[in-house]
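I'd like to ask some things about the structure below.
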Amino acid sequence: MSSTHENIFLRLQRIDRRWIYLVLWLVIMVPLIFPFRIQPRASTPVAQLFNYIDTMPENKALVISVDFTPDTRAELQPMVIALLRHAFTIKRRVGILAMQVYGLGLAEEAIQQVTNEFNSRAQTHEDSVIYGEDFVFWGWTTPLLTVMLGMGERITRVFPVDYYGNPTESLPIMRDLKNYDDVGILVSIAASAMPRSWINFAQVQFGVNLSCGITAVSAADFYPYVNSGQFIGMLAGMKGAAEYEQLVEKRMKNKGMDWGLRNTGTEAMSSQTAAHLAIMVFIVVGNIAYFASRRRKK
Amino acid sequence: MKRRLPLLIVLITGIFGAVAFFVPYPAIRAADEIMRNDVQRIIAAFSLVLGVGSIVQHHMLKIQRRAQYYSYSYITIIALIITAIIGVFGGIDVTRPGILPTRFGSFSIHIQTLYSNMMVPLAATMFSLLAFFMASAAYRAFRARNLEATLLLLAAFIVMLGAVPFGRLIHHQLPAFAEWILAVPNTASKRGILFGVELGIFATSLKIILGIERGWLGGGK
Amino acid sequence: MTLSTDPWIWIAAILTLAIFSFLYRENPFYRFAEHLYVGIANGYAITFYWHRILVPSLFDRVGSSSTPLSTKIWLIAIAIIGALYFTRFIPRISWLVRIPIAIVLGYASGASIPRAVSGEIIRQMKATIITRASFANWQSGLWAVIILIGVIATISYFFFSTERRGLLKPLSYAGIIFIMIGFGASFGYTVMARISLFIGRLQFLLGDWLGFIK
Amino acid sequence: MLSLTLLLAITIFPPEHVQARDIPNDEGGKIVVTWDRINAPELIGYRVLRQQRNSDKWDTLAFVGRLNNRYIDDAAVNRIEYRYQIIAVAESTQAVSQPSAYTCSLPQWFDTSTLPALLGTVILSLIFVFFFDRAKRDRNLFIRRIAGLDAVEEALGRATEMGRATLYVPGLSTMSDVATIASLNILGEVAKKTAQFGTPLIVPVADPIVYTVAREVVKEAYTTAGRPDAFHQDIVFFVTDQQFAFAAAVDGIMTREKPATNFLIGMFWAESLIIAETGAATGAIQIAGTDAVAQLPFFITACDYTLIGEELYAASAYISREPVLLGGIKAQDYSKALIVFMILVFSVLALSFNLPVLSWL
């Protein structure tokens, strides 16, 4: 009997790593297809941003700057979607721009998805979200300074035409969205140092309120700015996106909009949780096997 | 001459590189900018020739010798040539096409299309292998063999727990503790290592400029 | 489930799967993707150096009528120095390859000296020194003291001039303890980001390609 | 009447205390203009105007946001005198300030803000030069033996026993990285051993210049070992400078050629674990060494032995027995002692006398 035990533990210690790969693959993929519900509790920076946008004066707009590229889409795109849903739910106007050319496609995708979600369920003109009235997609332009400083003076001058080629002056939304004064908060979603540039130029010069959504690895670099109040809250990694999604969903339910929309961040978070647990279980099992076989040797 | 001239050049360019940091005078600043933007960049562009020459030669040799798996070497060489032709002649800017047409109806072979649909997925997938490798490395190496190994394991464990919603259920302070580990002991050790590394950079740079470190000359007279 | 009809999505998906197949074992699909990748990467590097450096920094300026003659001569001289890399292939004058290397290496070395001192050494010293402001509350004060001890212990671990005896022995042991905690924490901290990368690839395969998830 | 009250309601006052002065420690060409910020909700921003002495034309330089109280004019010509005026701008009204006094910009020869860096550079240089010199005369400078060196020799021994290849990856960085230079020193010694025992050596490289140098280093090692015939040009080869393509190729080499020993020594980024874990899976003995702090945890977990940070430089000095390299390690030790000493002294000064020590650095 003891020899079979020893065999198990020794074999466990030298298990073919492909079994680990397989377990991890399944543990991440299955929750993506059949998501289980976990409800992450919002951490302080996430709640801070949500509450600020939620209680923003009605005449102020939310501006989302899509400053990331497709390689970090898994972590950051859910943030863009959640922010759009939030603004449309509480009927705040939205301006969208991209500081990276590759961000244009991502922004467009998010806009298509969220406007479809709202408009396919809309009963009245009031319920639907309309381009040029409720939101605008300015597109991309360069250089960075022109955009960040220029928007403090007159946005239509930085973006004479929008992403779709319409003259921005002709859009009704732009009448009351002249410059940073009409912006309640600007959220830069980025995998680079772009949010810091927004501080250095837009905030230092014009005092616009800022926040950011960034990848998990760069979170440590941005915490100091949240602590100093330069960013009103922050969304860090998939966890941040998932927490925001939960807050938005609760808000929508309160308004009777129980649509059961997919929350990719939350769904990915179930994969994340499962994967983290799996790795921790691996470590525990490895140690049990190690100690059991060592004791037997003694 | 064959050794003296290069050593003299590193001395001069090295002193210039250091001085430019301290002196804001316009002539020095302007020279520094030319050094960075023109000299270094253009020379770097030429050095690629060495690299490309080597990789092509490496695979040609494999084909000549009929080495194991030599047929795959054709793939590298052909892919290199085709990509370079598309890139150099087709233009890099979608809005400014080059002399080579890169669009056939709705199908594009523009270098940016190649980049987004071949380079990006290949790089992202290679990168994502890390998820698996981290798991298997942790399984094998995180064993509580002695105190050091146990601390390594525990620190990793706590930080991982702090990252998922599950951690809060075990103890509500756990995420904060994970952050503390990152902010205090982790910072201390990183900083301690960095001092030595920066001094090493200092020492090596000084040795190169003074001509004491000559490994870069390669062998020979 | 709606399969993608974009041929490029199919190419990207097949390449993605070919790389993932490496997790099982080295195989012809991986070998194909690997060799293709190296070829494309070099082709792209050529493209990039050509369009982003040689054309704007060299050819356009030498060819432009608004560039002063002195600048043109200067640029051509740089190009000639760069071309000395080619002498690597000519045995008799192959030592000339050292000249462009010397220019690049010398400047980089010189520039990194003051930067190592001011940007890293002095900045890190400033961050480690304890002042009265560190004791704004007892916690931050305690953490600052722990960081100071940790920095000194870690430095002493890398002290090579004497054997580890006397005070150096416990200090360098404390050093390796700080180092191990730090490494463990960094490892654990990176897991989430790496799993996100894999989730990104799965979302591409299951969503963009197979149309399984939207 | 109504319009009059409206007009009155949005009257704003002109900015006060408009001052202009040259920015110190720069190459000249820059003048900073400051003024008192106006707290009026209707304010949009300020327009900055400039006038050259003996000219009566005012040029608009810029429009800046309402939270500013300074503007840097970086278009000033050295030694020409200018004065400035600030206009506060609201939606339908504006207010013009008094002009500032005349001032001009000048270039400086030394940036005084870099003084601590200059002192540090000079002191450290003296320490290092002293020890380089001493090392030349005193051949017996003591350096503690590092455990990792035994591992290097043992690993090489194993490769020769098994008659299998040795893989040596000198990192992905350029020649100007210390880690690369240290790595090439170790590569020279490793190549001597593989030449002696006649085992194959594989050196894939990610930088064209490192490729050129590494090739010469290996060639020389084979000549020194008395086996110039065993050197062939395919030992060292360039792969690509793209990080993950390089990792893919190295993974391929590891699984196909199955080297008995892998050396991963030099500068690495995120690809570190992709390479190291694949090597571990092939059952090779792996020796890693890097000063990339972020990658050390991964090498520690996946390799048999890891040279941490400075240990890499020490190993390169120890293995090559170059007196100057040993002197460098000595100098580094004394410099570190000096740094620790200064941190402690400054802390004591700051705590006991409340001196502003941080501003001295």
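Each chain carries a letter (A, B, C and D) given by its place in the written order, and its residues are counted from 1.
Everything below uses one rule, namely that a residue touches a chain if its C-beta (ideal position, glycine included) is under 8 Å from a C-beta of that chain, and two chains touch if they have at least 3 such contacts.
Keep in mind that this is a model prediction, so the values were computed, not measured.
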If a chain touches chain C and chain D alike, it appears here: A, B
Best-connected chain pair, where connection means C-beta pairs in contact: B-C
Remotest chain, chain A as reference, centres from CA atoms: D
Euclidean distance of C-alpha centroids - chain B vs chain C, Å: 4
Chain A-chain C separation of Cα centroids, rounded to whole Å: 26
Gap in Å, rounded to a whole number, between the CA centres of chain B and chain A: 28
Distance between chain centroids, defined by C-alpha means - chain A, chain D (Å): 31
Chain C, residues touching no fewer than two other chains: 19, 22-23, 31, 33, 35, 37-38, 40-42, 44-45, 85, 88, 101, 104-105, 108-109, 112-114, 117-118, 121, 128, 148, 151-152, 155, 158, 179, 183-184, 186-187, 189-192, 195, 197-198, 200
Residues of chain A whose C-beta touches two or more other chains: 17, 21, 25, 28, 71, 216, 239, 272, 275-276, 279
Sites on chain D at which at least two other chains make contact: 114, 117-118, 121, 124, 175-176, 208-209, 212-213, 239-242, 244-245, 248, 256, 281, 296, 298, 300-301, 308-310, 336, 339
Graph class of chain-chain contacts, one of line, ring, star, complete, other: complete
Chain C residues touching chain D - in the complex, by the definition given at the top: 19, 22, 25-26, 30-31, 33-35, 37-38, 40-42, 44-45, 85, 88, 97, 101, 104-105, 108-109, 112-114, 117-118, 121-122, 125-126, 128-132, 148, 151-152, 155, 158-164, 179, 183-184, 186-187, 190
Interfacial residue positions of chain B with respect to chain A in the complex: 116, 120, 123-124, 131-132, 134-136, 138-140, 142-145, 153, 156-157, 160-161, 163-166, 168, 175, 182
Residues of chain A touching chain B in the complex: 15, 17, 20-21, 24-25, 28, 38-41, 43, 70-71, 102, 216, 220, 239, 269, 272-273, 275-280, 282-283, 285-287, 290-291
Chain C to chain B touching residues, read off their complex: 7-9, 11-13, 15-16, 19-20, 22-23, 31-33, 35-54, 57-58, 74-75, 78-79, 81-83, 85-86, 88-89, 95, 98-118, 120-121, 124, 127-128, 143, 146-155, 157-158, 175-192, 194-195, 197-198, 200-201, 204
Contact footprint of chain C on chain B as seen in their complex: 2, 5-7, 9-22, 34-35, 37-53, 55, 69, 72-73, 75-84, 86-88, 91-93, 107, 111, 113-122, 124-132, 134, 138, 147-149, 151-160, 163, 178, 180-196, 198-199, 201-202, 204-206, 208-209, 216-218, 220
